[in-house]
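What follows is chain A paired twice: with chain B in the first complex and chain C in the second.
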Partner chain A sequence: MKISINSLSMTYPNGKQALQDISLELESPSLVGLRGPNGAGKPPLMKLLVAGLTESAGTILADGAPLRENETAYKRRLGYLPQSFGLYDELTGERVLEYMAALKGLHDQKKAVQAVLSDVNLEEKRRARIRTLSGGQRQRVGIAQALLGEPRFLIFDEPTVGLDPEERIHFRNLFSRAAQDKLVLLSTHIIEDVQSVCNRLIVIHHGRIRFSGTPQELIRMTRGHVCTFSERPEEDAALHITARVNTADGVQCRAVARTLPAYAQPAEPTLEDAYLYLIEEAET
Partner chain B sequence: MRKVFVCELRRLLLNKFFFGILAAVLLYGWLLLSGEVILGVAYTAPFSPWSFGYYLARLLPLLWVGTLFFLTFFTSEGERRTAVLTGATAVDPRRFAGVRCMALLLGMLLLLGAAVLLAAVFFAYTLHWHDWGSLLLPLLAVAVPPLVFAAGSGWLLGGACPWLVYGWMLAPFILSALPLPEALGLWNGTLLRSYPLTLPADPPFTLPAAVWVAQGLLLLAGILLLGMRIFRRGRL
Partner chain C sequence: MSLRALFRVELGRLLCGRLTWLAVAATLLGPLAGYGLYRPAYGDSMASLYLANPMLTGGLIGAAAFALLMLASLEKPRRSRIAAITDAALSPLRLAAVRLFSVLAMAVLTVLATGLLYLPYTWYKLDIVFSLGDYWLATALILLSGPVMGTLLAAAVDQFAYRLDISLAVVLACIVFSQGAWCSRFFLAQWCVPLVTALSDAFGSAVIWRTALYSRIVWLCLLTSLYLLSLLGVRQYGRGLIGSFARHLRFAALPLLAATLAAGGGILWARQPFIDHSPSDWMSYQPEDRSNTALTLAGTEIEARIESYLLGTLSGTASYRITNTSGESQELYFELDSGYRVREVTANGNPVEWEDMCNDYIAAREVRCVLPAEEQITLVVEYGGMPKMWNAQEELMSSAGFISGKGIELFGSHLAPSLLLQLAGEETPVTLDIALRDSMTLVSSGTTRRGAPNGDGTTNWHAEDAGAGELRIFAGDYMCRTLEGGGFPIEFWYSAKYEPRLAGEGIDIMQEAIDYCTEHYGPRTFTQDKPFKIVQSTVFQFGGSASGNISQMGESYFSDQNLASPDKGADSAEVLAHEIIHQWWGLGVSLADMEDANWTDEGMTTYSTYRLMAELKGEEYARANYVEKWERTTSQNAQSFYMRHPEYLAVLPEAYAAEVKAAADSVNWYDGTALMIYRAEQKIGRERLDAVLARLYTQGGGELPPYITLGDFLNACDLEEGEIGRA
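== the complex of A and B ==
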């Protein structure tokens, strides 16, 4: 599966520009992380990728064919989990998935439903009504419906929100396995999710792509811009403090800056540091 | 799409609301039949099409509410949140809307059918009367057009704002309390109590031309609104 996004822009009817001149190539097998601050333009990008919005300019090609002209065929290859979604509370998880399988036009619906229930560890709760499930279990039903029919392109928007750490690791591994032969786009605020499974990271800010590459490349770009130091009474405006830790010797600060001050000790950047530095640089 | 249709129908029918409204229709219907219809309307027989039409007209507000409650399954805020998932599937939006429309109309017909069955049982056991065919015309003239209009107009309103459907449920109750022109006389029950008195004795079932036009327009508007909903691009 290959998705080509060319000069994509999206402006809402109220004039707010959500995306500006986005160009990207996404190709399977790959697990692509999508990060950006709130309001950066991630949801519009994902909605455009599921044909839920109409672009103001530019094109999206799926395997070389314009998405708009081949929407039905494209959607047969698509699995989507939005950040906010509803399920039919009065139905059981199994019934909801059978319904979604029917909408997806799957032939062996029962088999497909059993497979995804097993994938998301929800077999025991398959007969429970949605309204009786916990937030994490509902989220798992959401993930399960996206996985139905083994789509070749999976889009997950904050899929691990509401899941406990053990479940998060389970789903990270699940996404990682899926990405062995599929294209998976994972939008998340949880840096560990990106760090542990994504082989590519896209950072979007103010509707523009600020970075596209491997997490390692982003970290390398930040070398020499991360430091630690003991907290000082006066604030240094050039520093952007990313963490404060109470230690036996006082408060230790971690910060990113274009030029490190003499009193600070350079530190090896993490992906979080690199991301924050990128966003800071984009703001200035 | 058969699976989707069955699933939609199950959502509409296997819930407390359906059984509640069904019980209300049957209870109120029984009270009407045993209290008013058994006496005959406008000096016609209790089993006359006039009395049966009056029975349906009086039940109409409950059937209207039932139809609109079915609709809330497709227009609620919760449904809108679910639409982000269903909208990303490969299903043809028009076929999907068509299937939902069929499920809605079938649910509506089941409620109406229960009311008709109750009357049929009442006429058979109480009055030993079995000429069901003569009841078809009042059924089609009195009940079907307003209910199809309820479905079409409710869908339009619910698409704009889910809460409008609940407000729209009050419409027949408000109309039943108003003095209405003859063309709308079915809504407050006055027409079927007075019109037969203007006709020769033992009249066949007929309605004034203005009423036929009004009912025809309601049916047409209902069908058009449902068609608009199905054929316009985008989901419910």
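== the complex of A and C ==
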């Protein structure tokens, strides 16, 4: 699966510009992390990719064919979990998945449903009505419906929200496995998810792509811009403090800056540091 | 994409919803309200009471219930945000269509279950007049119509409005409007359930079924068109109504199909074949006198053919022997049912030009032609079509002529062209030859003769009459009992379905009533050659009427409700006697008074029924079952709250006030007036009263001829106003 985004722009009817001149190439197998602050334009981008919005300018090609002209066929190859979604509360998890399997036009619906129920560890609760499930279990039903029919392009928007750490690791591995032969786009605020499984990271800010590459590349770009120091009474405007830790010697600060001050000790950047540095730079 | 699988899961999802079962329960229980709480049909035949009313009420409740279900089915994905997932898997347009079909399928299943549920009870209640065909027709055309139309409208409105509250308000307002006064006047205006004023027990309800089916097709076209348009407004790509509409216009088939269906529905509406186009101010309309005095009609021969019992169409060839004494060509007008069209006119074998005047008036229109100057002319008119209904009677669905597989009633211009000229003499003959289904018997205003069967399920019939210039015919599963009326035969023609009901003392008591009235008041006007015929007719004639030697008794006289009416008699046989006495008081002569609206035929007929029962069963029985009952009900009526305080009646809501007034009127008409006449008898003596009544019957009234007023009655009895009262 290859998704080509060319000069994509999206402006809401109220005039607010959500995306500006975005160009991207996404190709399977790949697990792409999508990050950006709130309001950066992640949901519009994902909605455009699931044909939920129409672009103001530019094109999206799926395997070389314009998405708009092949919408029905494209949707058959798509699995999508939005950040905010609902389910039919009166149905059981299994019935919801059967319903979605029918919507996706799957032939062997029972088998497909059993497979994804097993993938999301929900076999025991398959007969339970949605209204009786916990938030995490509902989230798992949501992930399961996206996985139905082994779609070639999976889009997950904050899929691990509400899951306990053990479940998060389970799903992280599940996404990683899926990305062995598929294209997976994972939008998340949880940096560990990106760091541990994504082979590519896209950072979007103010509707523009600020970075597109491997997490390692982003980290490398930030070397020499991360430091630690003991908290000082006066604020240094050039520093953007990313963490404060209470230690026996006082409060230790971690910060990013274009130029490190003399009193600070350079530190090896993490992906979180790199992301924050990138956003900080974009703001200035 | 397997739409079948999609439909299956959507239907399965519906079945898991509580609201679905609520809609199902409401539709299942809806018909119960039609037995008593809400009776939209006017007719009181058994089929009207136990089939039409429950089906109409069930249909209306089903319409509201399934409209609500449809709205909820569309609202829920929006409210629960499952649309965020489903829209990414399938086009919202397709999903909207699948949701509609699922609700429609649910509606069909529910109506089928409702039909099966009420079948045994309806069969039990209708008993001898039950028709399985009519039952399922009513289920399909009346009961099913509500949920289907309600669902379609709800889906369309919601896809435009995208707001549950607005959509619900609009749909409910449309349902209420459809049952309002304006819509009830036009059969096509009833979008939700068809206009059904009555259903016939014995003679078929073909007119109702035809108009119901036609109006359902019209509304299916219009609502489907609206729905297809609304599909274009299904919100997608984050756009509003106009944006989505513009975006979906690329599916050119949808707007094209919507436009085609809208145009089809519009054309069907405009060209409906059932109702004529008489002027709305028909009461003030004065048709021109087109009668040609230079032409005389020496004889008429009609050959009529029923073209289709299903469609109710007839074709015919009418041959007229005309004498033209003017020596010049003459303009001749003839009247023809508005639904018929002239196919050919010839005079002495030569084609004659004709002009359809297109001037509908009381279900007939005039056709003009010019006859040659020859003295003896044989005019032949080929014509055919489906009889139309007078638009003033559309709200009653009362058709002057009708043709169905169970009954036929035609007369005058509804049977054949009615020429506007003079009859040659009192014996001018008119004959009719017609082939009818083997199961049918022809009854006519003249004499009838059954011919040989044709071997194709039809039998030839011949009817002839003299002096009237036209024939009145009835056909159905008629049976005849000959009763004696003052030495002359009275033929009582009734549907074979009623044979069990009439086999007991019913016929005997009718004979007794005829004897009593003939002896006390005088014979009805009939002769040995042209016997008086009492013909049971369809419920759509609402009661009875008389014309020439034919007196019609609507079949509702024989309904359980009427036969159990305590106002008319102590038991069903006595009610039949009451209805026969109406042939004298009501059809023979009639009572009316401009200053006393309660002075009606009902009171005189009730009094005569009492007198008949006094002769048959003794004075003690008659007093207990009639006079004492009148005294009791009139006393109760006089003491009722609203009669003592009419000022409160004025402030009651209109519907309640009408109900109270109707109950009071019924007491005054039947019991009060009968009591007045009884009190007159007490004052002047029974013998003298009988003489007074006989004189009034034979001579009619003087104050308001031909009606007999209260003043006429008091004068004849030498009584003063106020000497006899109802209370």
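Rule of thumb we're sticking to: the second predicted complex is superposed on the first by the 284 of 284 C-alpha atoms of A that agree within 3 Å, B and C clash if a C-alpha of one lies under 4 Å from a C-alpha of the other, contacts with A are read in each partner's own complex, and residues count from 1 in each chain.
The rule is simple: contacts are C-beta pairs under 8 Å (C-beta built on N, C-alpha and C of every residue); 3 or more make two chains touch, one makes a residue touch a chain.
Given the structure is predicted, the values throughout are model-derived calculations rather than measurements.
Taken together in the superposed arrangement on chain A, chain B and chain C clash. In the overlay built on the shared chain, the residue A:Ile169 is in contact with neither chain B nor chain C.
Once the two complexes are laid over each other on the shared chain, residue contacts for A:Thr54 go to chain C alone; chain B is not touched. In the superposition on chain A, A:Met100 contacts both chain B and chain C. In the superposition on chain A, contact is made by A:Gly86 with both chain B and chain C. Look at A:Gln145: by the touch rule set out above, it reaches both chain B and chain C.
Steric collision with chain B, judged by C-alpha atoms after aligning on chain A, is confined to one stretch of chain C among 60-68, 294-302 or 366-374, namely 60-68.
Within chain A, the residues touched by chain B in the first complex and by chain C in the second are 50-52, 72, 75-76, 78, 80, 82, 84-91, 95, 98-100, 102-105, 109, 142, 145. Those residues of chain B that touch chain A in the shared complex are 1, 3-4, 7, 10-11, 15, 78-82, 84-92, 96.
Residues 13, 47, 50-54, 71-72, 75-76, 78, 80-82, 84-91, 95, 98-100, 102-105, 107, 109, 142, 145 of chain A touch chain C in their complex. Residues 50-52, 72-73, 75-76, 78, 80, 82, 84-91, 95, 98-100, 102-105, 109, 142, 145 of chain A are the ones that touch chain B when the two sit in their complex.
Residue ranges on chain C touching chain A, taken from their complex, read 1-2, 5-6, 8-10, 12-13, 16-18, 76-77, 79-82, 84-91, 95, 237-240, 243, 247.
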